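There are two complexes below, and they share chain A, which is joined by chain B in the first and by chain C in the second.
And now, the complex of A and B:
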């Protein structure tokens, strides 16, 4: 890996003073122009990888797509030059773009499942661009594709092309898409968040495959992501963007180890929340015993014999990948999905299985915060109504007294009382989640279930939410059941941890014990798959993770599908 | 918030025409030159300065009859639409929220009602029941509510699975709050645009019934009834029957123009521009 930005090398892509604008149509106002990218310049040498990193709205995808002369939905390139292989591609016109796209520049999208046409076989789609440009015969292109499948360690490389997109897993599909981009032997590939939608244990596989393929084919790449730890593994240089402006640009090691700008420093030192583990109290607040739950009238068992305890004023974090049953555990506790067997005891008394049978007092004590804050609030109610409603419902507080409490709650979530007349659509993602927190706090609960509350947020915003939650826990003495897939979050806030895998709790206990070796196979694999923010981590970890997969495959009867990236 | 200059021309035409019809209906006794049943001239007099649209089959002033007819037509159609919407929407939302046997029972009942052609159903029921305004409105409203039920149930089923409705259920809210405060405000835009269409169907249905003699009874007449009274004149080249028919058509088109515009505004991601 080259650490120093070498100038005057073999330049492939040279973007100069790129300016990109779009027209927005705010309801009830006249259309206006906004600038998405402000005069950004970058150069990329042949065979190098440049990571573009930033929060949503930073303009990273927009810049990436501009390197193929493309603007998404009404986005216009209004200034600057994009010079690829010595030509300004913006001057080429429609015909120029056709020759360029799929031959010199290829694109790998975030959601492979949405990017593939479900009606065609994978092979037809992989070789399509190559055949369209006439650079190879069908036989040659297919041979090349099979070689790429092998290189990307896809199972059954000879025959996987015969399958339809829905017949392979998400991680495999992402690798097939990478093969599709490499097949026409382009000079540049734009990776647009290729691993963001994947589970961590799948992500590590795809990441390794992409890294190998880039190294072996000497293709240059723009790697777009919001995850600094991921980009540190694959790229030679990193460019940090914010609000369409360049913040910092340098070698990967420099950005990670010695960031110069304040914003980059904040990004790098993100997981700085410290939370000292508390000893469990004498009696648990919520006690889940041998709970088994199923969907479809008992057909599909999603929770098997789950037992966990939550102590007053403490946090139990439940971690697991998608499909592990962690959200279903929340549904079983709240009564939305009555458990088939087992009991849930709250504050010393058993909770009714069904939501409809629970007294209002039980409902008040147990509140929930959702992952997607924008669908968890009624878009036609103001913030004041949303936060004030639990006050009315549980305590009968109305009128001026209610407005006063709402103002206090808005204060507690670090938002001003001016927000109470706003609608959810007028809030940012982080503010929405704060309002949801205030709504659950309004009920003065003893336990709040947080279902992936930070997953949909930008890292810095998510960090703020976690700090707020910890703060509130100290003041209000509320307990959290924190459901997440992110181990970094767990480390920062949990007192005890439950690791879930396929509906079972495979490891459970105090944080210090759960995170202390020796690990069971799954927890070990999960922990080692979490990307660490240092270059070279991926290379170090690969051998041990591969061993971990093999061990899991032995343990689990369905292990093959796990190892192949389900 | 709404700028008149930005309303597209077709919608503007629709709004103006609809407003004219409504004004004529509301202020009928003051606008109409003659009384509704007053015989002022000969049978089927041509258009003249004294009688702008001529006279009808009994020598009544056609313009005055048209204005009073607008009043009756709009009155019945509005009430029938209001009835069909309140009934259909409340039952549809309840079916979506409660689900289970309540939903199954109502939905199959509605299927049953919809399987019989509305006109035939209306004819049979109205020929059995005494013909007056109340039964007319009730029959029209109930028959039409089956369509509204279907739409509102379909919309509410989608909203009912949103997280904010689940949050309300977890909070312990009653069905009333969930239906009227959580679901209704979010289901309003498709329902409002449907309202325009259903209103026009009510006008057409009423006109059909009156034409067949089962709707508004003489001496009062809605536009459909007036077509019937004057239809014999067409043989003699008298256009009197075409005027109320044209009024029905104009009302149908203008209300539809407005409904289209509302539909466009509420479904478009760009707030209905372009």
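And now, the complex of A and C:
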């Protein structure tokens, strides 16, 4: 009965015509004001979850933090009202903000590893807000914290509070941070990309824990993310934002199933790239055979007996979680980390182990593109210089001829020659990555290693980059070694796939075969952990994923016993 | 904990090795200096025979490495030799002076270190505001003036004009504590002003660096007051660089007081060193040099150890 009465619309948070501005200081120019959030209104009922979704710069975190009266850097709320529990918090001043922060509204940050103070024990930090606001005694607060640790299925809930942040894994820290937010029994929690920094198999676990905790404690939440599939699992309603403006606001099911705005439609139907798998050719372009590599003079083995082939003009996607050794494989192939054992054969001849021993021609044939495009370019060189450099270095092309080639390359990356006088700082993230692609293409390589090249980009921009890469592959007949942690990307572009886990390739073959059941334990777990857009997916797959974890734990136990047998 | 013990042992061993290397340098350095001690003692009118006799007596004719080990062995067992100029036992005459220097340095540090850290915290709290600028400006000004200038300013105002403190810091054995404190007030103040800015600015920079961290934002979003955020969340993580600069300045208070001691005619190590450098009394210069080096190395070892112990990752390994 009580539930029915409550449904009448017990408003917790009512944001009206919010306007947020910031002062930016562009180098060499006078400071200027920019508007981050334009006239956004939203309401949130008690116990409900509203998902805020959008790409970077959409203003989602800024809106979330405004409910605590907080602005990062020089961010200021310059208009509108933020009504929490019936009163406008913007009128409360600094004292008012301090009283509501950590008591009425709590915050869960993207990277718990950075958001916990390394100098204090977890328990002291978890109960800090509760004690500060005097809503419970220390004993009560600690009891509450332990109960929350249990609810969030943390290991050793009684003693985990004694630990320091560095003694706990990233996924566990994220759950401890959720417990920290729940501990002072707030009315509202702002989750700011709480699972974005986690591996996909860890993410699902944390996501499920957060969902249960929200349901059991009846706390309301603003759930901020750029991942529509994630937000579809936890929220009652979704609000789509872009460039600080509201695009669309509706029930989760409606946004996912019947999006009304073009932008939302694009977000929902993002993974629309079709790439027909090509049959492997007669001879591979690059052949990695039984490569073993280690850091620290052989102490830490990071690649164990890895063998893969890449065929001319095709794409091998290497997929795995952080620490699986996929980037190390790239370093071994390029000679940055000379393998201890095994061989790398390129175009029928063996490659020298060490980068320094390789002739210029080998270096030209094998190019690389990185995750962070902005640090992979010299900020003081123009786009034209950056792209022209390989032309001079490898082909001795100079002057007008060089400019002509640069213009052609800019054309190939769909940017136009007007960009050749620009500096990297003047480009968007996607454009920067395109310039890096053009630079690697300038060398006319046979193989490009792409290391997480779309991971730092917004989903729609990343999609554009993938389309471009596929397009270029068709025209230039270049092969890719595509390193990623994202299965959706793999599906879009790969011809063959290698799945890596703890330095080993656990599954390898043509795309159609690798993605076809039956799966080995790890690939199965990885595949079922990739969030799907439909609401209710999380609840469906939870039991199978939990079983998968148990199986993996068993496997790694066996691995340890095998290793100690040597 | 084992890891911490190992690291600490490593630092101590390295410190001892460094000290040994310094002792070689000190010994070699004083050997290279021109001049003949025997000649200095006996004067220009000495006969060649008496010079040779005295050299034999002083052991100057032995090979250098024999003399080095002889000297080092003595120093380790507390025998620093006898002063050539006065014939007094160096260890005995240094004892009182070392104690005087430590007494002065101690009271200067007691004032300067907490003051510098608190000023640093306040500067961070009101960063970029007028309070911050005032603190930084005054601290920089006090450091920029040479010590002797500040010393004479203090003497002019406090001793000559207002006659609150004595201009000459005479201390003697058995002096009552109160009088002793009054005697060292001006040199201690001069030293405090000399070291304050360095520590204060380092504290400010180290904490500001930490203030960028995500955990500081977490603390702010818990509703902590600005000062509580700095004290509880920023300061503990900035402690290692702060300790380092504090130790450097403590070492300076002991080793670098020469000018201040001379200005206030304070019977400390600095004055003792200056006296005997002019007399070309090599054993004294060596002894004082060795003690200064030991103080420097020792304080830096303490800074290293404190930084190790302050790091929760080392204190509580996974």
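Convention: the second predicted complex is superposed on the first by the 549 of 566 C-alpha atoms of A that agree within 3 Å, B and C clash if a C-alpha of one lies under 4 Å from a C-alpha of the other, contacts with A are read in each partner's own complex, and residues count from 1 in each chain.
Note that in this section a residue touches a chain if its C-beta (ideal position, glycine included) is under 8 Å from a C-beta of that chain, and two chains touch if they have at least 3 such contacts.
Remember, predicted model here, so these are calculated numbers, not experimental data.
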- [ ] Could you say whether A:282 touches chain B, chain C, both of them, or neither, answering first, second, both or neither?
- [x] neither
Open item on the list: Under the stated touch criterion, which partner chain does A:372 make contact with: chain B (first), chain C (second), both, or neither?
Closed with: first
- [ ] Tell me which partner A:299 touches in the superposition: chain B (first), chain C (second), both or neither.
- [x] neither
Open item on the list: Taking the stated contact definition, name every residue in chain A that is touched by chain B in one complex and by chain C in the other, in rising order.
Closed with: none
Open item on the list: Which stretch or stretches of chain A touch chain C in the complex?
Closed with: 68, 70, 72, 97-103, 106-107, 109, 111, 114-120, 125, 128-129, 132-133, 163-164, 166-167
Task: Complex interface listing, chain C residues touching chain A - done: 213-215, 217-225, 233, 236-237, 312-313, 316, 318
Open item on the list: Per the contact definition, I'd like the list of chain B residues that touch chain A in the complex.
Closed with: 1-2, 162-164, 166-167, 169-173, 181-182, 185-186, 270-271, 273
Task: Residues of chain A defined as touching chain B within the complex - done: 25-28, 31, 334, 336, 355, 358, 360, 363-364, 367-368, 370, 372, 375-381, 389-390, 393, 439, 443
